[in-house]
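There are two complexes below, and they share chain A, which is joined by chain B in the first and by chain C in the second.
What follows is the complex of A and B.
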């Protein structure tokens, strides 16, 4: 049952403050990950290890753009100008004949022929705290385990490739660090390495008094000591601790990733937080990182939705267009799956604060790159944008679609957790053929 | 009232009353804890920790740092039967106990928002004099500003009212933190409507708590952090975003009764009138904070009783009986409900005496169990959940700093005196406080994020790998550990000495053999010993409290 939203609320304070949402969201992740660790061996495997070997040789990569808080489909991919809930913005023609998107995305309109858009997304959860993990885990059937986020899943299924860099890097505003909670039952080594605020980690250079050989030698000693400690103990802590040392070492070997950006790139991507992070994302992909997630925060526009989107959308429009074209020019788009999405869309109805609330019933997801058909729009919402008219797709369908685009047969590939085979995506969903090449 | 008899070699009677479970006269809490843990477990138990593992764990938990190698040697050689109990009592009397506890409580209560000298003084003085928890909380909410030891206690409130970034003054956040940290309930998501998936958390609970602090502000007339209150004239109005109806509430502690907001003439609103000269804001006759300070931290408040015992249990045993620590509610029951109930009632019986409680936990077999259990990895989590094996714990940034300073023998350098020329060139910290800032920057969570999960970071690894500071402690100099063992010629003795100093135990014969070979194969002896020191203080065994 959905709670009825009071459109005429005179509550002067906003809903929970963004800080509290971030906090409770993180805390929930922590809680669920921890309870998910119970009863599993921390070394979740695959039913068919040979498949994993093959996938690890694949050069396919993922750019996952996470628009946290909920981008409004009406102010972006699925505008309904001149309708009851359409809001003040117009729609514009795109490079794809007959397809119009919001006027807030003029640059994206020019690359529409490169994209695949699904306007028929219907999901279940309308809260951030449950929705973010639920969506990023692909909302699989409950089997009493905590599923990995998409990034951790790809890290597990495809490995780190030849880059030596961590397979799952998360570029985001705010704190960096190692976010092992994303990995669920796969165990902490498949968690995300977060690059916070675009900052290279401090202490990236070896101290002057130490040369490369000394460093290898002291780390051999450390690894020897770790092996002595591990015997008879729960591997979780030790593995997580070792993983961050290994990642640190890999980053030390790739310092150029953190050099100041080329001014021409900054102009292209936009001199904004999201532009900066998207640029770091491209460098990470270029360096061979398997899965890069780029976060943008602050989209939860319960109040003043239209000014909010007028300010947020151009930053997305510019950086998103820049990275898609950049990947294409570098010949990387054919190997890279690109997805941009939120945890839900926003209500067509406009609330008393001129805002839009959470709306999982009918929203949009856009993608391009490897395995994805370009220049297609599927799914359709009704005239006021409240419901999907036909061809509704849940997040489980998208997970099948993306795995398929990456060359992973999601109907046959299974995780092996503690002897229990587990499907990698919701077993009652399937790939969306219209989006795949 | 019913009684149940438990046979444990000695007989303890545990009385189960309607109010919960309590200990019979003469029975000791630590024995009862072990019984309840053992009773609900299903499977093999780890052995008791050996003296080395026990001593290291105890030192980290009670003094905040690893033991000195001389303490390790002495303790291992001691044949006194009750030497563990004697050691527990010794460390509870140690000066470092107050430092450790104030660091623990500072992180728990302030969640890395910052630091303040008067607040630190309040914490240290509280733990030195073993101020009990009810008194601490009472003081935090309403300090006696004429008492120097209490002046900084208001920092808990004032710091949360400071603006940060573009955020408005966060009165709701303060209310929410009072619920989280003193009662173990996170009502933040019940601010605008009843909690969507915790039935026990209602919007009126949040709003009642919020009413206590909605009129507070930071005083500008004191040199230490202090809070003032505007006069509350009418009850707080609120409305759910899901309903039309308006509600009102006076200040109310969740589960308690609502305070009626009285009406006063404008002339009679203040018990102590504001003083325009000194800018002292005065004290209203209707004083919600006074009511909160005298009513929240009491034996009558069941949530106040269980919150801290659960948090201290988590600190000692690695995880709360209720988890997450601030989500006590009926759909998230304790893993060991009877145990939690017993801990709470005994804590109340001992007037919220933190030191007594920690002592009881340290005395348990549960606390003293080994962190090693030979069991398939698929079953180890279950063993941990049942406390059949000691659960590894993260080291706080403070514990890590004091332990590395001890392991490298670098602490005596501080403070470092520099002449003017040296000052210009120096890039390293010269005081312990500055050292601590670097550790917090490298290992602590960001502000407002609780430090309860084990979350090692690449940032921390890079600090250990590459920071000039850590390297300056490892390289020969200042009579540090590297320099001290450099004077020893026998390689086996070098290795063993470093294992005692850094890992608080002797090296095994295998370790001796490997490390000796390493030393022999390296011509640059100071460099090789430095590497050995570094490797031992950067390995998992050192970085984890086990």
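What follows is the complex of A and C.
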């Protein structure tokens, strides 16, 4: 029988009074006591470990497409053609009756029936430095700790599954390496392994001069040294190191993940930087990586926004459509949560450099895959796209929604940080029912 | 020689405007807008009160041309529409309208010197020729491999030339429907990360027809596009590059439009980071080292104007109009006026007149 630790109301909530979200002393004590009973304490634990056990057996995965800098909602998901701030582009009909998106996304328009679009996103940060981390951390209530990015959270909550590969891989242009900062209070074990410019992490492959026996000898020596180092120290540090090393070893055995792509795939995804990275992302998902983040840079179009989007959007359009259809055709879409988003949208006002600036007031997020209702559009901006008129949602609502789609009950699951139970998503927000199956 | 300028008058539209142009008769100033409209101001009399708008377009109207002798304005929009209106009167007549002249953004229009034909170009990589009389498509010129941004017509030979987003300039043989020659202005283009940056923003022939000047930027980066305004001159007969000058700094970005003044100077306007803009009078005959801008080459530079997007010479050959964007046009996040309204920007249009004098030095 599973221990019953129901610290939160299970009622989905959009708007709640602050009093409902104060972590009471009783709840705090209850959580601490429960964790003590279960022998779970220390950095980055879970209050409910059996939930984690169950989730670790889940085959659900995440593809998180991060459009860095801020895609313009008006040139993509929420066009307002022929209006004062609408820009030069037309809107086009999609496969979803009555729903139109920008003409810059003709391929996406054909798969709109597979997607769930929320046009009512309202957040608070209008700078990159605040927006990128706060959005990717779900903008939780300030509890004196640094919350994990979504990828680290999923790595913690769901584990690496059966693949033994790193649970959180970040495919990006530029440099690669291990990005422990994403993990926040969960600790470095849950950081992101970044694959930069399509290349395997440095020194991943064994040098030709090192044979199997020599490598085994080295590993024995390493394990001995690790054990010496770990003796008398907090085990989480050694565990993190061992975990990352073991994951890297597993990756070393999957060299095909970094082989030259099939030309047919290149044609499908597009011979572009984003196409390349989406394709790597698909391979990683196929190999069983729990959470794959694919970054696209260059979207901070303060200047020449419209020529910029005319150039950027087709590359997104092709690679995004390709991976959604590819996942579907491989039977993976039903198990994979796919999210595409930025840190904010762009201003309706058009500046003198024919650009758009940062606009968190009204923008859009699109998603599909496991647990997500397909072929829906929720949230509505006003005629000129300035503000959300109906059904506004903050990033905290989306974190609840995505956790729910992955089978994680965010009303019952909590992190445990040195005895402090912490909600996994903003406790004044709740899952968006209209987006969930 | 030095040039001084006098601002005669300022027109202050309530919203942003594109490409303000004087009609060949000089009686009107016509500008495109962001909401599928053409805006008119009378240039005769003392009042510059805006007249009834010309409707019939969608999206942005940035491409404007005129019949040289008749009161016809040809305009193209960002949805691919091309239309002809009689610009006179209280309710201007639509003479013809081709709503799908191009598949997507129609970027530029050029009108033949005899007024019988016009050319348009745009997002569909095509250059197309039309009869001005009835809007009948007469020719489709294919050869560009990307969006075509700008057009020019040689005044004497009526040769059509087009420039694209990758910096390729094609000289067309309209009789054969083929490209005669190509000029390489790829310095005006950069593929930065995922984004194509730059392109041939504008072109103009020298008054003697011997040089073709193309304008744009020497791109440095995408996203928030940065670059140095750049003008390249090609010898019309040989295609050899004879002029290559940067004007300004990285944040000044694009040369948006050029036109020769009757005093012989090349007028150019630039627009870059919000608040930056230049109005330049360039002596293209002055000699400077490669890439340099000697003082003798630049008799006048005004960098106090904010984001200059177009320049149009009045048919008197002396006065001209510069379209700008209001200062303080940018800003992240919510900015509301005192009544709580979200406000857009507008485009002050400066009517100016130069005078040339011997350099004080």
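Methods note: the second predicted complex is superposed on the first by the 366 of 437 C-alpha atoms of A that agree within 3 Å, B and C clash if a C-alpha of one lies under 4 Å from a C-alpha of the other, contacts with A are read in each partner's own complex, and residues count from 1 in each chain.
We take it that a contact is a pair of C-beta atoms (placed from the backbone, for glycine too) under 8 Å apart; a residue touches a chain by one contact, two chains touch by 3 or more.
What you are looking at is a predicted structure, and each value in this text was computed from that prediction instead of being measured.
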{"item": "First, second, both or neither for A:204, with chain B first and chain C second", "value": "first"}
{"item": "Partner chain in contact with A:273 - chain B first, chain C second, else both or neither", "value": "second"}
{"item": "A:83 touches, of chain B and chain C: first, second, both or neither?", "value": "second"}
{"item": "First, second, both or neither for A:407, with chain B first and chain C second", "value": "neither"}
{"item": "Partner chain in contact with A:232 - chain B first, chain C second, else both or neither", "value": "first"}
{"item": "Partner chain(s) touched by A:127 [first = chain B, second = chain C, both, neither]", "value": "both"}
{"item": "Partner chain(s) touched by A:240 [first = chain B, second = chain C, both, neither]", "value": "first"}
{"item": "Contacts of A:375 with chain B and chain C, given as first, second, both or neither", "value": "neither"}
{"item": "Contacts on chain A seen with chain B and repeated with chain C across the two complexes", "value": "127"}
{"item": "Complex contact set, residues of chain A against chain C", "value": "69, 81-90, 103, 126-127, 173, 272-274, 296-304, 307-308, 310-312, 315, 347-355, 357-361, 386-387"}
{"item": "Residues of chain C defined as touching chain A within the complex", "value": "15-16, 34-36, 58-60, 78-79, 104-105, 123, 147, 165, 192-197, 199, 222-226, 253-254, 271-275, 277, 306-307, 309, 324-326, 329-335, 342-345"}
{"item": "Interface residues, chain B side, partner chain A - complex", "value": "167, 170, 172-173, 176, 186, 188-189, 191-193, 196-197, 238-244, 323-324, 327, 371-374, 376-378, 380-382, 384-385, 389, 391-392, 441-442, 445-446, 448-450, 452-463, 465-468, 471, 475, 508, 510-511, 514-515, 518, 522, 527, 531-532, 534-536, 538-541, 543-544, 546"}
{"item": "Touching residues (chain side chain A, partner chain B) in the complex", "value": "3-6, 8-11, 13, 15-17, 19-20, 23-24, 26-27, 30-31, 34-35, 37-43, 127, 129-130, 174-181, 193, 201-207, 209-210, 214-215, 217-219, 221-222, 224-226, 228-235, 237-238, 240-245, 247-249, 251-252, 418-419"}
